[in-house]
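One structure, as structure tokens, below. Some questions next.
Read from first to last, the chains carry the letters A, B and C; within each, the first residue is number 1.
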Amino acid sequence: MSEREPILGRIREALRAAAPKPGLLSGPGQRVPAHEKRPTDFRPWLPAVGESFDERAALFAKNSAELKTDFQLVADRAELQTKLVALAHAEGWKKIATHAGDLTNFAFAALGMPVVRTDSRYDVNELESSDAGITECDALVAQTGSVVVTTRSAGGRALSVLPPHHVVLARRDQLLRDLPAAFAALKRQYGSDYPSMMCLITGPSRTGDIERILVLGAHGPKKLTIFCL
Amino acid sequence: MAQVLERLGHQVEYPEDFTCCGQPAFNSGYWDEARAVAEKVLAMYRSAEIIVGVSGSCGAMMTTFYKELFHGTPLEAEANAHAAKCWEFSDFLVTKLGVTDVGAKFPAKVTFHDGCHGLRELGLKKQPRALLAKVKGLELIEMGAAESCCGFGGTFAVKFPMISTAMGEVKCDSALKTNADYIVSCDASCLMHIQGLADRQKKPLRTMHLAEVLAKQ
Amino acid sequence: MSTVAQTFKETARRLTRDLRHRELIQNALGKYYVGRDEKKARFQNWQEARQAAAEIKWDAVNHLDKYLEEFVSKLEARGTKVFWASTGQQACDYIVEVAKKRNVRSIVKSKAMTGEEIHLAQALEKSGVEVVETDLGEYIVQLREEPPYHIVFPAMHLTRHEISDLFTKKLGTAPTDNPEELTMIARRTLRKKYCAADMGISGANFAVAETGMISLTTNEGNGRLSTSLPKVHVAVIGIEKVLPTLDDLALFLPMLATAGAAQAVSCYNTFIGGPRQDGESDGPEEFHVVLLDNGRTRLLADAEQRDTLHCIRCGACLNVCPIYKNIGGHTYGTTYMGPIGSVLTPHLRGLKEWKHLSFASSLCGACTEACPVKIDLHHHLLQNRRNAIRCASPWWEKLIFKGFVTLMNHPAFYRLGVKLGWFGQKFHWLVKGTRLDPMYAWTQSREAPPLALHTFKDYWRRKKS
């Protein structure tokens, strides 16, 4: 029997007593004037990001280096093709997984190797044994070096996380400034009908659980490559 | 402290009946008993223009915790007024008077321990260091984790002595690594705890209060 | 003194003397401090960000009914089944029932402190279902059959050698002292589990009311895999986890990562709003959200300490707490350790039995300073102490403090007391450090300072005359 009404009842009863506003007991080093209304614009306090594309690209590249993400700006489709083929060869890919999309179709054609498609029901074991998952994305975020994917832009939930190498095909106009911009973009794009899963991916999978030492490839992809066209 | 303030030309008064700010009772959860002592303190200092104290923890009690102790009681306004008049010694010199050179001389290697109450409740960080910088012959060497609690914590030291001791040992180790002659702090209780531990473990550490350093000529 | 408090003291006595433990934790956290300060410095204004986060959480918790209703209605509109649980037992029963209905034989679990709180894994295992922890740290402590040591880094107390021995013993793998190889062992083992599991269980870091989504943070990707592959996904969430809007995540995700793990932002921040939708090729057929009260409404009613419910479970307070560093996570004997645990546990489990945690603190305030949402942690410890004394104070302690008031409010007694103390100290050496010593609690490990015969009061009097 769901306890919805009892819980809501207890909450309403509890909230009849007013709680003090936050920050009143803060020490001198932490004291900040309280705001009239709760803030909605965090940009002035979050890490700064430059306005121009070049500044964003530079910041994204810097963050990628730190995260061990392989981030590459490519001039055109020809260069993308060359780089993809080289990557596939260097990594020894035998089978890739991908979804239908403008750039992913191009990539699939360029690579010409066995493929698992995740546009409709697929065999999990086939996906698990793929060497790479190639997806598009909704956005890149310069502030954090992140990629925004959803089930709609990246071929479902598992494609971007199960294969050991995740390759993202992005466009320059997708490189956004910061997290506030990323969430605003998601709202604009999907506000009336959200995909069931959206994800902000920041670097290859990692863990610090053993002596707080960083190790890549804990469960998700060990490698993340982003080609930005 | 009295000597230093008089040296700087100030008139110092001291209500001889003052005994304690009441913090031990407050920290132990006996707020009614703490209030009984604190009420007397409020009365004692009612006519004072400025109150200067030489302890980070007593200062924090009177500046921050009196407000909490008297919240919702008839003495709330008076407690707030009292808090506004209270200054810790180093903060008073540097922030209020704008003085960093008090004419002190103390040739020694010294490291500084940031007592928790002074650091976090009163914002003491730059002030003691600014004063030490002007002491003739003194060399200040910063220790690692200077802001880490020494482990005294009032009744905590006797209620949970094993934890208190471990924290003190970590502090002593940090201090020893600097090879300083003295550990200086704004809080006598921290220093008593550190010295007590150092003496028992036969560690070559000597403690001195900031006010003692500033009084040296 | 209850046995819980006694056990706490005994365990603390042992751990605080363990120098190997002390060094291991200092080293692990040393790296964290450097990284954290670097990431904090990237913020244009960390203190403003904290105040904003505090105000947003204040709004969320102080309008909890409104936001919960919004959250639930949005979830249900897209096919999620929501279960409201007043107690941990109800939550466990519901989830066990779901597992039965869907013929679940194996479960992969992403880290959820609520799961620990209600002993969910044990309840499921008792019903005959295999539960595998997928977070590497949780997996390790699950194999060791011990509780997590830290809410974010469950295996922080173990060296690579201990982990290697564990894997050899439980998984039959070859010994190695390479953290990467150890991680790969876990990766290989767990990968099979993800693909075969019937159900994935997660917690949630935030419950976004505006869009009806849970926000789930991991670094390893185990949260993604546990919620993508199995046919059923169950999320267990404390009712206080609400966040008003999706945009709020732009502030909270970086703050959570910076304070909790010294990262700019965690690797996978996943926002899930329902089961697989029409047109989606994968994802769970069923998504259940279990909202957990389990004492939270009791804490909500305590207006003075209500902000404890603002906690985003980042673990920053644990990381800076000198008590936590010296006694370790297991000593607390609770689901939530460190400063937040000491504040929270008396409300969730009872003040009488758990008040000692609030006294086991030097009130240094490092926790309050570290908290990204400005919870007044050390003030709450003081309030817990006051509440505990109001309920029941030991008669001898009450007597001591009554004496304290008499002594301090009568300066003549005080002056006499100091002189007597000076005199008494002359004989202290006879009993110092022994069980007969009235100051034993101090002198067992420390020397006492010599009391001065001529005090400041004497000096002042002499000066004036």
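Here, contacts are C-beta pairs under 8 Å (C-beta built on N, C-alpha and C of every residue); 3 or more make two chains touch, one makes a residue touch a chain.
Nothing here was measured: the structure is a model prediction, and the numbers come from that model.
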| item | value |
| --- | --- |
| Remotest chain, subunit B as reference, centres from CA atoms | A |
| Interface with the most contact pairs, given as the two chains involved | A-C |
| Approximate Å spacing (C-alpha centroids) for the pair subunit B, subunit C | 31 |
| Whole-Å gap separating subunit A and subunit C, where each centre is the average of the chain's CA atoms | 28 |
| Distance from subunit B to subunit A - Cα centre to Cα centre, in angstrom | 49 |
| Sequence positions of subunit A contacting 2 or more other chains | 25, 27, 29 |
| Multi-partner residues of subunit B (each touching 2 or more other chains) | 68, 120-121 |
| Two or more partner chains touched - positions in subunit C | 365, 368-369, 379 |
| Residue ranges of subunit B in contact with subunit C within the complex | 2, 14, 16-20, 22, 24-31, 33, 36-37, 40, 65, 68, 116-117, 120-121, 147-149, 151-154, 156-168, 170, 192-193, 195-197, 199-200 |
| List of subunit C residues in touch with subunit A within their complex | 24, 27-29, 31-32, 42-52, 54-59, 61-65, 68-69, 72, 78, 82-86, 90, 134-137, 140, 153-156, 158-160, 163, 179-180, 182-184, 186-187, 190-191, 194-195, 211, 213, 219-222, 224-225, 227-229, 239, 245-247, 249-251, 253-254, 261, 264-277, 280-283, 287, 291, 293, 297, 300-301, 303-304, 306-307, 310, 365, 368-369, 373-374, 376, 379 |
| Subunit A to subunit C touching residues, read off their complex | 2-4, 6-8, 10-15, 17-23, 25-27, 29-32, 34-35, 38-40, 42, 44-48, 63, 118-122, 124-125, 128, 144-146, 151-152, 155-158, 161-162, 178-180, 182-184, 186-187, 194-213, 215-221 |
| Subunit B residues within the subunit A interface of the complex | 64, 68, 120-123, 125 |
| Subunit C - residues contacting subunit B, complex | 9, 12-13, 16-17, 22, 26, 322-323, 326-327, 359-366, 368-369, 379, 382, 385-390, 393, 397-398, 401-402, 404-405, 407-409, 411, 414, 441-442, 444-449, 457, 460-461 |
